[in-house]
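Here it is: the structure, laid out below.
As written, the chain order gives the labels A, B, C, D, E, F, G and H, with residue 1 at the start of each chain.
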Amino acid sequence: MDAGRILDDFRSGAITREQALSLLNKLPYEDIGFAKLDHHRQIRRGGIETVFCAGKTAEQVRAIFERFISTGGNAIGTRATPEQAEYVRAALPDVQYDPVSRLLYIMGNPKPRTGCVAVCTGGTSDQPVAEEAAKTAEFFGANVIRCYDVGIAGIHRLFACLDEIRTANAVVAIAGMEGALGGVIAGLVSVPVIAVPTSVGYGASFAGIAPLLTMLNSCAEGMSVVNIDNGFGAGYLAARINALVTQGNHP
Amino acid sequence: MDAGRILDDFRSGAITREQALSLLNKLPYEDIGFAKLDHHRQIRRGGIETVFCAGKTAEQVRAIFERFISTGGNAIGTRATPEQAEYVRAALPDVQYDPVSRLLYIMGNPKPRTGCVAVCTGGTSDQPVAEEAAKTAEFFGANVIRCYDVGIAGIHRLFACLDEIRTANAVVAIAGMEGALGGVIAGLVSVPVIAVPTSVGYGASFAGIAPLLTMLNSCAEGMSVVNIDNGFGAGYLAARINALVTQGNHP
Amino acid sequence: MDAGRILDDFRSGAITREQALSLLNKLPYEDIGFAKLDHHRQIRRGGIETVFCAGKTAEQVRAIFERFISTGGNAIGTRATPEQAEYVRAALPDVQYDPVSRLLYIMGNPKPRTGCVAVCTGGTSDQPVAEEAAKTAEFFGANVIRCYDVGIAGIHRLFACLDEIRTANAVVAIAGMEGALGGVIAGLVSVPVIAVPTSVGYGASFAGIAPLLTMLNSCAEGMSVVNIDNGFGAGYLAARINALVTQGNHP
Amino acid sequence: MDAGRILDDFRSGAITREQALSLLNKLPYEDIGFAKLDHHRQIRRGGIETVFCAGKTAEQVRAIFERFISTGGNAIGTRATPEQAEYVRAALPDVQYDPVSRLLYIMGNPKPRTGCVAVCTGGTSDQPVAEEAAKTAEFFGANVIRCYDVGIAGIHRLFACLDEIRTANAVVAIAGMEGALGGVIAGLVSVPVIAVPTSVGYGASFAGIAPLLTMLNSCAEGMSVVNIDNGFGAGYLAARINALVTQGNHP
Amino acid sequence: MDAGRILDDFRSGAITREQALSLLNKLPYEDIGFAKLDHHRQIRRGGIETVFCAGKTAEQVRAIFERFISTGGNAIGTRATPEQAEYVRAALPDVQYDPVSRLLYIMGNPKPRTGCVAVCTGGTSDQPVAEEAAKTAEFFGANVIRCYDVGIAGIHRLFACLDEIRTANAVVAIAGMEGALGGVIAGLVSVPVIAVPTSVGYGASFAGIAPLLTMLNSCAEGMSVVNIDNGFGAGYLAARINALVTQGNHP
Amino acid sequence: MDAGRILDDFRSGAITREQALSLLNKLPYEDIGFAKLDHHRQIRRGGIETVFCAGKTAEQVRAIFERFISTGGNAIGTRATPEQAEYVRAALPDVQYDPVSRLLYIMGNPKPRTGCVAVCTGGTSDQPVAEEAAKTAEFFGANVIRCYDVGIAGIHRLFACLDEIRTANAVVAIAGMEGALGGVIAGLVSVPVIAVPTSVGYGASFAGIAPLLTMLNSCAEGMSVVNIDNGFGAGYLAARINALVTQGNHP
Amino acid sequence: MDAGRILDDFRSGAITREQALSLLNKLPYEDIGFAKLDHHRQIRRGGIETVFCAGKTAEQVRAIFERFISTGGNAIGTRATPEQAEYVRAALPDVQYDPVSRLLYIMGNPKPRTGCVAVCTGGTSDQPVAEEAAKTAEFFGANVIRCYDVGIAGIHRLFACLDEIRTANAVVAIAGMEGALGGVIAGLVSVPVIAVPTSVGYGASFAGIAPLLTMLNSCAEGMSVVNIDNGFGAGYLAARINALVTQGNHP
Amino acid sequence: MDAGRILDDFRSGAITREQALSLLNKLPYEDIGFAKLDHHRQIRRGGIETVFCAGKTAEQVRAIFERFISTGGNAIGTRATPEQAEYVRAALPDVQYDPVSRLLYIMGNPKPRTGCVAVCTGGTSDQPVAEEAAKTAEFFGANVIRCYDVGIAGIHRLFACLDEIRTANAVVAIAGMEGALGGVIAGLVSVPVIAVPTSVGYGASFAGIAPLLTMLNSCAEGMSVVNIDNGFGAGYLAARINALVTQGNHP
């Protein structure tokens, strides 16, 4: 029941003024408010729902995908294990799984890609996080330039593809260990840089704390940071910025 | 000396092939490369230079401002103490100082503001960081919607100005203590949210670690984080996104 | 404008169906929802508003108290400095200040106290936090049994007043250093124990981390923990439990 | 031997004054004092004993359950592994095991449930901790409202069941990652909220430190915190508050 | 009233059996048990009471000393400020103050010293902690060998006084920065070594965490550790071991 | 070659003055000094050598035991895995292995036990650490009183065996989680208490950090702390103190 | 294309001035600058490339080695698993694998070794890190003195080989637990000491944090520190210093 | 008395064999061994003694300088306050004080400088640490190239002086905040880089932890790290390497 129906029923006498007020009193939480929220989420995401698979049983993940599919929407699951993927795909063969990024997804209703974002990594070992970022950005409508393994040991490769990176509307910079890549890139481009520390490394990298702190303390302007190994969050945000820019002045 | 001059001198015989190579060998570092970089920085910042005043002597800060002013540029200094400000302004009376945000700035060449960003805080005590973000965003060409003191205790005020916030091209969300404001706003808007943890709080807030971790772990999509109390960084990044969006599709 | 008025105007034809929907659409945030929240807050707190004074200017604190007083409500400010207190009281002489607990308060409309809570400390140095808890509990309508300095060095005093403590509906246990007091009391009473770690101590107490961890890890059942030095939170919660119990079965 | 018997034997001359004093000297520790304590524990828990199974051998767990059962009491074991459960149940088939909450329990003497507590979670992955809390509360005599998966991504479901939650005498709020759920609920209800951080998450959630800090720093009043993943402690405390409230004014 | 009196009154008929039981029921906590404890404390400490002065007002410290003096006992206060000392000594001129160790003490009833303990420091800057340890050990009846500034830079001085150190029944090893002194000494002597990390140092010494961890991880056998800067605790424990050894086989 | 031999050879003319000096110059390191050290170690340990097995290959452990056995000495290995034990015992069947304490040992030359130490634990799960401490103390010549599972939940058992504990010359107090046992015992006995934090617990116990901090911050006098789970170190130190006390006044 | 070729083509008229400038403009990044960098790297490393194998797939590691081998260079991979090694060696049988140090390497073009470095360890368990350091130093052209297991328990062995150690041009000191070895050696030699903390230990060694802090805080001059377990980095740096010293005064 | 004298006295009969042995037995510690050590220290330092002034009284600092001066040696004190300096110089006017580096020094016997080291900083605020490093290196005989303020914001200045830096035998790289400078330089030079993290920064720089971790985790080879703000240690080590290299092949 929505607010319009309440108004109509009230005017028609089907419900009393008291009943109308009681129904309206619940609406803020139940219908009006959060349908509105959901509407916003729907707009932002282009009809794609997300599920964090870690810690869920395979049954729970499948049930969630079934619900999304039944409502016709697209869906993307992060940190899905091969076992979860296998279980889901046995029942829902249209669902795809990428073992590198651990993404589980279905895109029945793909949208055309516009603009582009760049995804850069410091080393080969950062690739799983990078693919999570890149594929996520693609899901949410961006073209993606992949520029991997361009950390200090191979920084000439960063420069080699700098012109291409500069065509992007946002850059995702992924690095473990010392994590300096983010600051280096932020000093070279004029678009927002989203830095992703990774848990790649050992010893005093403390599973990502070291690059996280490096990135938070960077004196290079125009950079912000997401959680350790959070390729999804970075890819989503980059796609969001890309969409805003390609759509031009915000209405 | 630039590359064109070297070519000309080489062709004219004013320098030998060996001399030309030696000069070119130095160019990458000294002239071509980093003039190019500086040119980029210039474009990005609209001719505004930044100086981190903390830990510098008043003499050093004044010398830096004098150099910037002599080259006709604009300048903005962060975390300036009243003593530094007084010393600088004694010699350079056009420099302005805002004791709340601790910004020291001169804007001889103001640019017209376009688009807008929103700056929101959880509590009144976050105001110094918020003003740093807001004034920084204004320096870099954005109109600013200030929406202060809209944390949990006053969240109805957040909703009261939500329509206005939604006109912004980027939102800066500033909060100390539990730091939940960022995630709440990111769930309500469709533009990038830049979260700034503050050192406001006591005990287990650990001078900003608590809200920093809250923000990094938020499951609300579309949010990224900058350093504790880094109002400048957030304001700069928000202005940057705003500029990209108002300029429309990136060339 | 409230929902009833919208219904009436709609039925009377003063507003169209579209206008009614538009107005209702905003209500969730602006009026219905959060008036309801505020109403709840009002019930819970017995008409007392709270303000965290740390990090605010004296002018800001006074402005907040003036607004509360003008609406006839009671108010309590935590962590107020003597300077803030002096400034506020110069304009608002009815406001009281307790320099030990650093509470700044006005209670024009005191409520009768019912039931009781006990506030216990491990040592004399915990007294500021204890008084914050005790006075807060009194503000929110509880009688308070003070049982100070009953840590390991004086645990016989704890036993000496154990019968009295057992008359309380909730116990606040405050301790720094090793912080074992909470667990000891939780093993001796049958009502909820709210443990407050304090920053009293030195070296490896790490400004309260040691007693915080002790309390979180206690194997004594029936205890929970609030932030380091958070006497206010513990006193408020104890008063809340006390009120629930003295009011009997929750409606 | 108890104190009455000593008095009688003393008066009858069966023991000398010196013998009586010697026996009494030991009583404080051995009989009077701690029988009294145990009596209190017995009252509080309704005759249910608890055992922390982690780190114990299956033989040790079985021996403890056998002793409890032989004395006719109820018993509940936390963090029991399937192996421990299988070993115990082979000998004691009346003992039950719930693999989700990892609770191992026997309730030969169930007590009628009164009042109710609500158990809420931020996400599906928090379910094991939630079931530990819920089942524990039920063991200790409370009816339980389960309200799972109501974090930010599904907060409309929280509002949908808010009226039901408000019938509870205590609320357990369970969340990992950013852990904001506790503060949100504490802002909406008037009963005590017991927050449980969980180790669900990755990267900078640091196995529960992030939500722990969020909850400790919440500015929402009426909330306290237990150890990371400590569903048992929260369920026990909620049941305890519920019992106090349903029993009315504490005698 | 003690247990003997209760027995006598009971036999004489001055109190009934019920009254006798009621009185005995309270004894464990109020008289028998903790008088016994206090008796033990008295024996252990040789009639010296201790007070932790930090965080107490000067008035509170003086009141505590007055109570101890009125009961004829000795007393020692740790971490007393010059202001506290001045205030106490104005009223109680027999109380002494040592500004280096910050000890405030009165020893009306000095005991003869027996045996000896050694107090060693790594550097001159550790002297305040060392003097706290040394003077505390003297208060509790030990002769003290001071062996200061014998860290790595001056380890030849350690060897120079090694023969003397080996006459001690316990050694206190005090060091900041890397804190290796404890392990070095523990490898050279056959008596217990009590290691005290100090907050002397900078940077990654983290106010004593570095030497604390060094000492806890030492593979030298026969060493244990007390809190950072806890000269009092180490001096007390060393004096206790010394007393046990000089008294010979424990009765 | 020792110093006496050098003197004799020098006087006899078998070596020149220069040769004598050269030999003496090496003696400090090679023979005099460290033979002296080793002599001390030998006295302290009663001829028992120790080896930390973790991180060593089974071959390395066996080689070390073979060397010790060939020199007729006793040996004790800590943290030995069952695999290491099996491999060593296949070649050296006289070596014994205790899977609970993970000690691997051979005592061809057992010494008579004198005096006694007490080993107490908070819970059943602390048993492996406790057995390491207890068996170590026995190896080094002490009788051991085991007093397990006497933490808060079973503290009446602590009091039940308090008289026996008080016959010990040193007490080892072992506890995980909140770790309050050490402070409780230190308040009840007059001999040194060596506290051992264990990694038993979960969540905010942080693998032993919580009880470690509790113990370091205890205000109970006469207690010191060793590394987390370091049963060996505590057992060795307790045996050392016991030996000193039973030998009476140190020569 | 290099700068000389551009000059020649420009002079010959094969390219215009504009084309020459355009080519030169790209050179800084693509050719001049980083060829120059690579040239330096080549010189420094003696033609040996390094690859961090952890987190890479076996396929990726093999592809990298194939590329290095095809260009005739030497290569060394760190932290290679046996599985990676087996996979690489199946295709490239000249590649060698050392399971202790986990190094995977090929040295088709071995260089003569000059000078020497010493590698010392505190205990047998540090051997894997030590072998990584030692073999790395050998790869990069140094002779290596191995001096293992010379920590506190066996420090006489350190002195026994001190004369040999003193012939080295750099010393690598490797230790876990308390990590004091570095400071001890730095006090005995006059060449640079590179300290490597290891994750050997338990409890409060916190996987290498304890020795890391010990080493950073050492007051012994002439020592610096690398990451926990970073044998490669220490071995490389020692070889570098050794090469500089043996080559004499830097040109 | 030295060993030669003992031999002579023994042969002459001035002392008995027993007396000779007794004297020799003490020599290892008192004379031979540590005179030897001191001799080494003397060689390494070129006759300069060092004193850590923090935490010492002005009287203590002056006494130490007086002792050094009386023995004709040079001396350098670190972290001296202006008050200490003034007090020392009042009595010893030849002692110099540099308020930026806080060094207090006397160099009666200056040595000629050879070779050179480079000292680079990321920002102007790092200057005090840099001057401590630079002046220390000069004291110990190195020429110093100062290359300040060459962090990311001014990295073109780093390249501008790269040729000069490459003439150095060791480089000290000093940076706060993200601390990436060390890794950048290590990628550009072929000599050892000693990285010094500074406490410059705010928020998540955690007083130097962030740059410390960055530097420890750097994947640039040839770099090692000293304590936060430890300019002295870095300057000393750089001078040591410089001296080794300029002296050529180590004898």
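What we mean here is this: a residue touches a chain if its C-beta (ideal position, glycine included) is under 8 Å from a C-beta of that chain, and two chains touch if they have at least 3 such contacts.
As the structure is a computational prediction, the values presented were derived from the model and not from experiment.
Engineer: Which chains does chain A share as contact partners with chain H?
Structural biologist: In this structure, the chains that contact chain H and also chain A are B, G.
Engineer: Any chance you could name the chains that touch chain A and chain F both?
Structural biologist: C, D, G, H
Engineer: What chain lies farthest away from chain E once each centre is taken as the mean of the Cα atoms?
Structural biologist: A
Engineer: Are the interface residues of chain A and chain G largely the same numbers on each copy, more than half shared, or largely different?
Structural biologist: Different, since most residue numbers here occur in only one copy.
Engineer: Comparing each of A-G, C-D or A-H with D-F, which pair has over half of its contact pairs in common by residue number?
Structural biologist: A-G
Engineer: With chain centres taken as the means of their Cα atoms, state the distance from chain B to chain F in Å.
Structural biologist: Chain B and chain F have C-alpha centres separated by 58 Å.
Engineer: Quick one: chain F and chain G, Cα centre-to-centre, how many Å?
Structural biologist: 39
Engineer: Let me have the rounded angstrom distance from the C-alpha centre of chain B over to the C-alpha centre of chain E, please.
Structural biologist: Taking the mean C-alpha position of each chain, the two centres sit 54 Å apart.
Engineer: By the touch rule stated above, which residues of chain C touch at least two different other chains?
Structural biologist: Only 29, 33, 37, 50, 52, 123, 155, 187, 203-205, 209, 212, 216-217, 219, 227-228 qualify.
Engineer: What pairs of chains are touching here?
Structural biologist: A-B, A-C, A-D, A-G, A-H, B-C, B-D, B-G, B-H, C-D, C-E, C-F, D-E, D-F, E-F, E-G, E-H, F-G, F-H, G-H
Engineer: Please output the residues of chain A touching chain C within their complex, sorted ascending.
Structural biologist: Of all residues in chain A, those touching chain C are 3-4, 7-8, 10-11, 17, 20-21, 24-25, 27-29, 32-33, 36.
Engineer: If you look only at chain G, which of its residues touch chain A in the complex?
Structural biologist: Listed in rising order, the residues are 29-30, 33-34, 37-38, 52, 54-56, 60, 79, 197, 199, 208-209, 212, 227-230.
Engineer: Could you pull out which chain F residues touch chain D in their complex?
Structural biologist: Against chain D, the touching part of chain F is residues 123-126, 155-156, 159-160, 162, 200, 202-205.
Engineer: Would you tell me which residues of chain E are touching chain F in their complex?
Structural biologist: By the definition above, chain E touches chain F via 37, 40, 43-45, 50, 52, 115, 167-169, 187-192, 194, 212, 216-217, 219, 221-228, 233-234, 236-237, 240-241, 244-246, 248-250.
Engineer: State the interface residues of chain A toward chain H in the complex, per the touch definition above.
Structural biologist: Touching chain H from chain A are residues 123, 151-153, 155, 177-180, 183-184, 187, 201, 203-206, 209-211, 213-220.
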